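What follows is a pair of complexes built around subunit A, which joins subunit B in one and subunit C in the other.
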Partner chain A sequence: MSDTRAQPSVLRARPPASPPRQPRGYWRLHWRGLSVLIERRGMLALLALALLGAAVAALSLGQGSVRIPPGRVIAALLGAADAPTTLVVRQLRLGRVFAGAAAGAALGMAGCLLQTVARNRLATPTTLGIDNAATAFAVASVVGVSTSLAPAAFALTGALSMLALVFALSGPGDTRGYRFLLTGMGLGAICGAATNIMLARAPIDAANQAYPWTVGTLNNRAGPTLALLGWSLLVLTPLALVLGAALNVARLPEPVARSLGVRITQLRVGAIALAGLLTGLAVAVIGPVGIIGLAAPELARRLAGPRSVPVLAAGLAGASLTMLADLAGRTLCAPSELPVGIVAALVGGPYVLWVLLRTPQGALNA
Partner chain B sequence: MALERPQSIKPSSQLTLLCAVLLLLSVAASIGLGAGAVGPLEAWSALGGGGDAQARLVVLTLRLPRTLIAVLVGLALAGGGAMLQAAARNPLAEPGLLGVSAGSATAVVIAIALGLGHLHIIVAIGGALLGCALVLGAARLSGRGDDPVRLVLAGAALASILAASSATILLFDQRTADEVRFWTIGGIAGRSLAQVMPALPAVGLGLIGAAVVARPLAALALGEQVARGLGQHPQLIRASVVGCVALLVGAATAMAGPVGFVGLVVPLAARWLAGPDIRRALPVALALGPSFVLLADTLARLVASPAETPLGVVTALIGAPVLVLVVRRQRLPSL
Partner chain C sequence: MPNSTSAALAAHALRLAYRQSVVLDAVSVTIPAHQVTAIIGPNGCGKSTLLAGLARLHAPEQGQIILNGRAIQRLVPRELARQLALLPQHVLAPDGLSVADLVRFGRHPHTGLLRQWSPEDQAAVTDALHTAGLADLAERPLTTLSGGQRQRAWIAMALAQSTPLLLLDEPTAALDLGHQIEVFELIRTLTRAGKTVVMVVHDLVSACRYADHMIALRAGSVIATGAPRAIITPALIRQLYDVQCTLLHDPTDGTPIIVGAQRAL
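Here is the complex of A and B:
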């Protein structure tokens, strides 16, 4: 649904304060014959989220068994600190923080695309059962096959096939996106049952080895998978931005969007495929922490306002939230560590309840 | 009207016959089939006191208790599901999906971690009560109780919070983790009758409560105003339903761990067979529930024999496709 504030008011009695060529709430940039409209609130939200992400990253790099103040963290990143500090920051913590940020960004963008396509704010990797599928596949590769096939590749396969199955089974023409959610929950329950069978029947060593895949943690990030996620983000983020801009028109009622020339089916399939790819890559690195994909777009929408589909803001918010959850899990009950998935569920679950219970009927549309 | 008088709420004789035959068949399967070498005929003669010592041991100490526990769990979960669906007027209100079982399971995990494992029936009932009250209460307070999907999503969120809490506890307490690793999947293998005896009064009380509250609940199905006009107290009815459901689901969870989807599939079949009136559907659900759990448990023994498949896994594998099918229908079936 488009927001009424976004539409020009015809009935306004007094003339608008700004000149008519520059709409309210936008900046207009000129360069030779080109001019671009930049939405003011969205841009400020992006800046704020980027600053937040940088702050959390610096904090996260500094916290742990050895505390390093932010100033020295930055010095170490630039190569201007003493050797032990540089070792801790660059070798030990940077990889983990980067994994959290990349996976969180991917989940945030995927959640934003999925919610817009399903037209429901609660459509996320978790509620669609994608998490469960990725977990089941990863556990299968850890437990079932004696030579460990890369669990990350299996997680990616699981996530993609689950997403395809959910959208294929739930059928077309559901305006509120509820059928997506319930079909996903049902299929997710099947995958959860499969995971349980495998864990219960596996020898205890294999079950322990598979454990990280069932909770979601940044401990088992594998180098190649992380690199794959990083490079894919470089390619997929511009694609997501383009799709997000196109989806903004598709948020109008379907006949209206069609009459405006939006190829709605192609757009949907593209967005779903992209979201599946992003989710699968993220889950392959971090495990089932899909609740980030619910909270991040929500935060982004709240900051950026209703005029656009805030794909990039959702990505930044997801990165910040994931790094925060990991930081909390590492520091709150040190020296032991809470997996990031558990922290996210403990914080994100109440948040879902709150969204569900305070939002009026029919206003869950993304 | 005379037509709606009690004789019409009795189930038809064909339906009674069907339920009875199904129950007999499933009890026979549960006693006669298993991973061991004791076949159906041998098992039946052992039950009558014949057969060799090995067969008597298997049948009397393993299969018979298991069958009785499955019957109790089936009664409790099917009754709890039927009541909850009628009270929430929501065909998807299943104890597992609404987080009631999860509340119960988390409470038991906490109790075991605190060394109060012997109280686990009471704790499980308390947890179920809390979960039930939390989801239904929150949904009612904000006036969203009528939206089936929202209620289920709220339940899923609650269940995920609770699962994360128990995972946190288990992470720090390896001893408890070992103790509940199999229990949290849901299964009735290896439970003795003595272990489940304390749950018996809770199931009995819950079923009596269900029988008493069924009639007012049927009035509530006509709408709040009509129910008031008929001299009922909607709040009182709902509170007593929550109490009954907590007793039943808590007892079932204490006996078998969180077993999902029984409370969805069985009442669905019961309404399909007997119509939406809770006075008709409840007895049919209570008759079908034990059959369903018995058959699922027998399957759990046979599928990966000689290993056991957890009961909760079997019910999820049967129930989740049913959920998808229900959702795929053009309209969500209403109550």
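Here is the complex of A and C:
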């Protein structure tokens, strides 16, 4: 400070350096009265996950009985490749890869929303029994009704009714998520048993036909269901983003969040309904690959940091993980194929264990 | 502190219940503006419930709470959150946040989807951190702070809310003597700057020393209100806690001091 005396008075009269306009670690975009805060780490995590997803998708589109290098995959997608390559990429593989990405994204976002609402990282579509209910309903329809779209519609119905039931039975004022979790686990166990009874008692043909619904696979996806999932994601993702931003404040203790003006009950009901819808739509396409709903938010949280609820990052992580699991299942022991649900459980299970064991002080609150 | 107008908060014939059991009945209190009000009473007398009720966390079965001439049940949540901040007991922050991250949550009622961060928001956070004496610790993870610092971080969050009214539930619970005094003196500073503070306090001596106004509760009813020096008597203490004692007065500031306390038989 000693040299300030030597400076001309005009410089000395200048006010101190203006304070920062935004919190540290954020970018702030503003225009007139409007402003948007972008958290740097979260944004970088999104970019990284998007790149990862694109790379996995390109790799996935190129792998199979005919191998196509990534460059030609992109050319085929842009319509600049020869006819056979275009046929393989667009007609044969694109649908499958898209189904994996879309279902994984839906499960990842659903997991992230549920964990945040229940304040418990164990609260995922699987632990809440949503997968099991969707499967039970789908199997019931295969064994009983057996029309092409019915299993998917039944899976969706099963997921939503399960969620409504869990929510109704666990009751309001459940702030720590335990009642919610235990209710879901209990009802999920009943649904699992029901599925097994149906498979045991059904004729062998029907049981075989229903089997894929119990393991999770991208082999028997129905076109209309996939289209429904795709369009729904277009609508539900922005909704999930808005809810995720609102849920950020709801991570504070409930009385604090409420005195900050958060309408916590509405927020909770909205997030749970949305998670149920996303899970139901995903299970209708891919079957019960619930581990994605647990692993994807963990990966997203690890990358995006603690400042926000990483709904979109969890979606992107879920898409990448599901595509990877499907790719591994198709290629590792080709020509036979492992269902995506089994690969996801094999890889995702240890990953989740690793994350949870590394968590300090056993803190599991999301 | 930004414009703290005279925030008159009052409860009229309030009845609050959890399911079947009535916790508070026929409670009417007025919170004087720009002063520290302490709610005192034995365990389970309804102190925290009254505080939560004043913050609209419990819907009253009967009676109402009036804030600036309007029933608070009629206010939109965000509107109420710009008038009144509540800091409950035993609060736990989400993992991994820094002090500044926590304090920023206080701006929630002032921001929106397309007004996420204005210069006023930034100024309020900076102010709150300074007032709570945490400016140098702003970027520190909450988990590395001492208990007293963490409590001040939560108070700073409530300050960033820029409300004329501040409701604190046992703000000094689990703090040692030095940190208790630190927090109480901070609270004093706030009322001098125009805020109205209501706090639940267990320690009667601190309540007498730092409160301008007192509400004494027993078994869900108000049994005395007024300035500490006027209402604190051996008879009231016996009525509240079933304790017999002698009162002295601190020679430095006249605060009542309890000596020779023993269970009343």
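Keep this in mind: the second predicted complex is superposed on the first by the 320 of 366 C-alpha atoms of A that agree within 3 Å, B and C clash if a C-alpha of one lies under 4 Å from a C-alpha of the other, contacts with A are read in each partner's own complex, and residues count from 1 in each chain.
Keep this in mind: a contact is a pair of C-beta atoms (placed from the backbone, for glycine too) under 8 Å apart; a residue touches a chain by one contact, two chains touch by 3 or more.
This is a predicted model, so every value here is computed, not measured.
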Would you sort A:357 into first (subunit B), second (subunit C), both or neither based on which partner it touches? first
I'd like to know which partner A:186 touches here: subunit B for first, subunit C for second, both or neither. first
Just to be sure I read the superposition right, which of the two partners does A:37 touch: subunit B = first, subunit C = second, or both, or neither? second
Applying the touch criterion given at the start, work out whether A:122 contacts subunit B, subunit C, both or neither, answering first, second, both or neither. first
Superposed model, subunit A: greater residue contact from subunit B or subunit C: B
Which partner does A:338 reach: the first (subunit B), the second (subunit C), both, or neither? first
Parts of subunit A lying in touch with subunit C, wherever the complex brings them together: 19-24, 26, 28, 33-37, 242, 245, 249, 251-253, 255-256, 258-263, 305-307, 363, 365
Which part of subunit C faces subunit A closely enough to touch in the complex? 52, 55, 57, 77-82, 84-88, 91-97, 100-101, 104-106, 108-109, 113-119, 122-123, 125-126, 139, 157, 161, 167
What residues on subunit B touch subunit A, complex-wise? 92, 97, 138-139, 141-142, 144, 147, 149-150, 152-154, 156-158, 160-161, 163-165, 167-168, 171-172, 181-182, 185, 260-261, 304, 307, 309-310, 312-313, 316-317, 319-321, 323-324, 327-328
Quick one: which bits of subunit A touch subunit B in the complex? Just the residue numbers, please. 122, 126-127, 169-171, 178-179, 181-183, 185-187, 189-190, 192-194, 196-197, 200-201, 215, 291, 336, 338-339, 341-342, 345-346, 348-350, 352-353, 356-358, 361
